[in-house]
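For reference, the structure is listed below as structure tokens.
First chain written, first letter: the chains are A, B, C, D, E and F, and each begins at residue 1.
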Amino acid sequence: METAAEYAKRRETLNDQVLFQADLPTKRFFALDHDVYSEGALPKKTKELMGLVASTVLRCDDCISYHLTESVEQGASDQEITEALSIALVVGGSITIPHLRHAMAFLDTMERPGAGSREA
Amino acid sequence: METAAEYAKRRETLNDQVLFQADLPTKRFFALDHDVYSEGALPKKTKELMGLVASTVLRCDDCISYHLTESVEQGASDQEITEALSIALVVGGSITIPHLRHAMAFLDTMERPGAGSREA
Amino acid sequence: METAAEYAKRRETLNDQVLFQADLPTKRFFALDHDVYSEGALPKKTKELMGLVASTVLRCDDCISYHLTESVEQGASDQEITEALSIALVVGGSITIPHLRHAMAFLDTMERPGAGSREA
Amino acid sequence: METAAEYAKRRETLNDQVLFQADLPTKRFFALDHDVYSEGALPKKTKELMGLVASTVLRCDDCISYHLTESVEQGASDQEITEALSIALVVGGSITIPHLRHAMAFLDTMERPGAGSREA
Amino acid sequence: METAAEYAKRRETLNDQVLFQADLPTKRFFALDHDVYSEGALPKKTKELMGLVASTVLRCDDCISYHLTESVEQGASDQEITEALSIALVVGGSITIPHLRHAMAFLDTMERPGAGSREA
Amino acid sequence: METAAEYAKRRETLNDQVLFQADLPTKRFFALDHDVYSEGALPKKTKELMGLVASTVLRCDDCISYHLTESVEQGASDQEITEALSIALVVGGSITIPHLRHAMAFLDTMERPGAGSREA
């Protein structure tokens, strides 16, 4: 499985490729996609977890990887991530289960201080 | 348009009708659908807003009405709701716009203390 | 709520309208859409119930009404319909619940011999 | 059924309501949603028909109404609209049929010079 | 391509990983996801084929693999599987075709008595 | 990454496998899926670009590869493809971005006269 670090690198390369040929609406969309997760009335961590829930019910592994990375970076705990994924599972049904598997496997590839307990 | 109060009543009547004939898995699912939004590592308000985001990207007006009701009841501000819906819009695209319209129209039918400013 | 009889009539009128202007691929698609539910290795009743499950996970009330009508006509019992809808609920998640409500309300508008017990 | 004129009015009122409370990302998204259909390497008519196809496979009646209005305004013929909808039907399957019915019924509420032949 | 045996093993490992960290709602969901396919008014074989149809219209290869495995184990014939997939194709449209390809390729990796005729 | 040539070959092999076991409705669907993109009131190029938009909003990489191949073969320019993908992005939201990445990476594997400028 692709690690979190490999994913981040591949994502950046491919985004560059998209933006190289992109027209103005696509470039603006990418800017928007960045801005909408900024700290506001809701904390950035909450917004990234919302992005995680949306990505899971829409069943996009690539988007799950991205929002997991950002959520962890914003300090989301394993318990918070688990609860967010539970909501996605109940809303989205068993069809989301393969994406829960992806999320768990992806988390295991991330270097996180103090996250080793699951492998114990 | 159906008001928030009328919606809540219709929803309850129809859920009773579903549960009357439901088999055990469906009854258990309904219990689960209640439990997953309980206060935990994430506050109930955040979970309801996550339910709102999931409902919007999946484009379910009925579910949007429900999670808006619960979010407001948990103290979500207009600004927090707006930011959650913005995330849903960017993730889900213009196809979610009719559901943003529904959300705004539904909010206006709710009796909320101090929410009158939008009509000013 | 529109009754089963009213639905059937509206559906027929609108289908005529679609087919009046339709090109050849659309006409052929409509023929195919009829043929695929024919008695085969799987009984027609099972196929209509499969159509019901597919319509529910894809969240199409109109399609649910159609396959409920056909399923009942093929002799599907309340219990069989309930089990099919349970599968759809677990696969498709809570987002399908409004469509379960529609299914139950629609069934109540159908004239079915011996189906009165739910209202008792 | 809501006529094309009534739809256009309702849409405008509700969009105003959304934008009144919207934050910056949502306002920018609405601008983008307008710009992306501008005349470019592809003619505006083709882009609106693409919007129609996308709206149909994603099964959004409201969006279908909008892109039908714009397509007709850009000079799309009945035959062109029919062919676009056929593609949507084949890509999206029978689950899109209720939306083809909506499209045809909506077209009949539009005031179009020389479009009376279907009612003949 | 991953064989049916490899898939079954990977699925089990990853499910264990999900359940290791899962909260109570997720654990209950997994139990429910098992129970809903139990023998009832509808035979287990029919229910697994319904799971196959639902998985195909929702375009989840992983879920297709699972329900194909279970369907074959319950005695579903090639003809019954083919008819179920045809329904999914017509309901879900050409967008499901890559998943039909997956289903056929997956079936070929399963060890099934008397199923060799397709390769003849 | 699979090249355009490898994709075309794999697709053909798997389609043969599907059609070998297919029943009549599936065979007819495949014929329909071919016919609907034929030259008509709309040029074949426009239809293939519509197929590309539909495939992108429905997030099917395999279908994107197919319609990109056909669009380029019909003479679609980079600018036309970019504009079609922009529409898909705005309609379908950020969840389609991984599929834009796929589209761009796939285009780079195609042998196209005069398309080398992006790599410069």
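Heads up, the rule we're going with is that a contact is a pair of C-beta atoms (placed from the backbone, for glycine too) under 8 Å apart; a residue touches a chain by one contact, two chains touch by 3 or more.
Bear in mind that the values here come from a model prediction, so they are computed numbers and not experimental data.
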**Message:** Starting from the defined contact criterion, work out which chains touch chain D and chain E both, please.
**Reply:** A, B, C, F
**Fill in**
By Cα centroid distance, the chain farthest from chain C is A
**Message:** Nearest whole angstrom, what separates the Cα centre of chain E from the Cα centre of chain F?
**Reply:** 27
**Message:** Please tell me the distance, in whole Å, between the geometric centres of chain A and chain B computed from their C-alpha atoms.
**Reply:** 23
**Asked** What is the distance, in whole Å, between the centres of chain C and chain F, each centre taken as the mean of its C-alpha atoms?
**Response** 33
**Per-residue overlap in chain F, given as positions that touch at least 2 other chains** = 23, 25, 29, 32-33, 36, 40, 54-55, 57-58, 63, 79, 82-83, 86, 89-92, 94-95
**Request:** Quick one: label the inter-chain contact graph as line, ring, star, complete or other.
**Result:** complete
**Message:** Considering only the defined contacts, which chain E positions touch chain A in the complex?
**Reply:** 11, 14-15, 17-18, 20-23, 25-26, 29, 33, 54-55, 58, 60, 62-63
**chain C contact footprint on chain F (complex, rising order)** = 23-25, 28-29, 32, 35-36, 40
**Request:** Provide the residue numbers of chain A that touch chain B in the complex, in ascending order.
**Result:** 32-33, 36-37, 40-42, 46-47, 49-51, 53-55, 57-58, 63, 77, 79-80, 82-84, 86-88, 90-92
**Request:** Provide the residue numbers of chain B that touch chain F in the complex, in ascending order.
**Result:** 57, 89-96
**Prompt:** For chain C, which residues are in contact with chain B within the complex?
**Reply:** 59, 78-79, 82-83, 85-86, 89-90, 94-95, 97-98, 100-101, 104-105, 108, 118
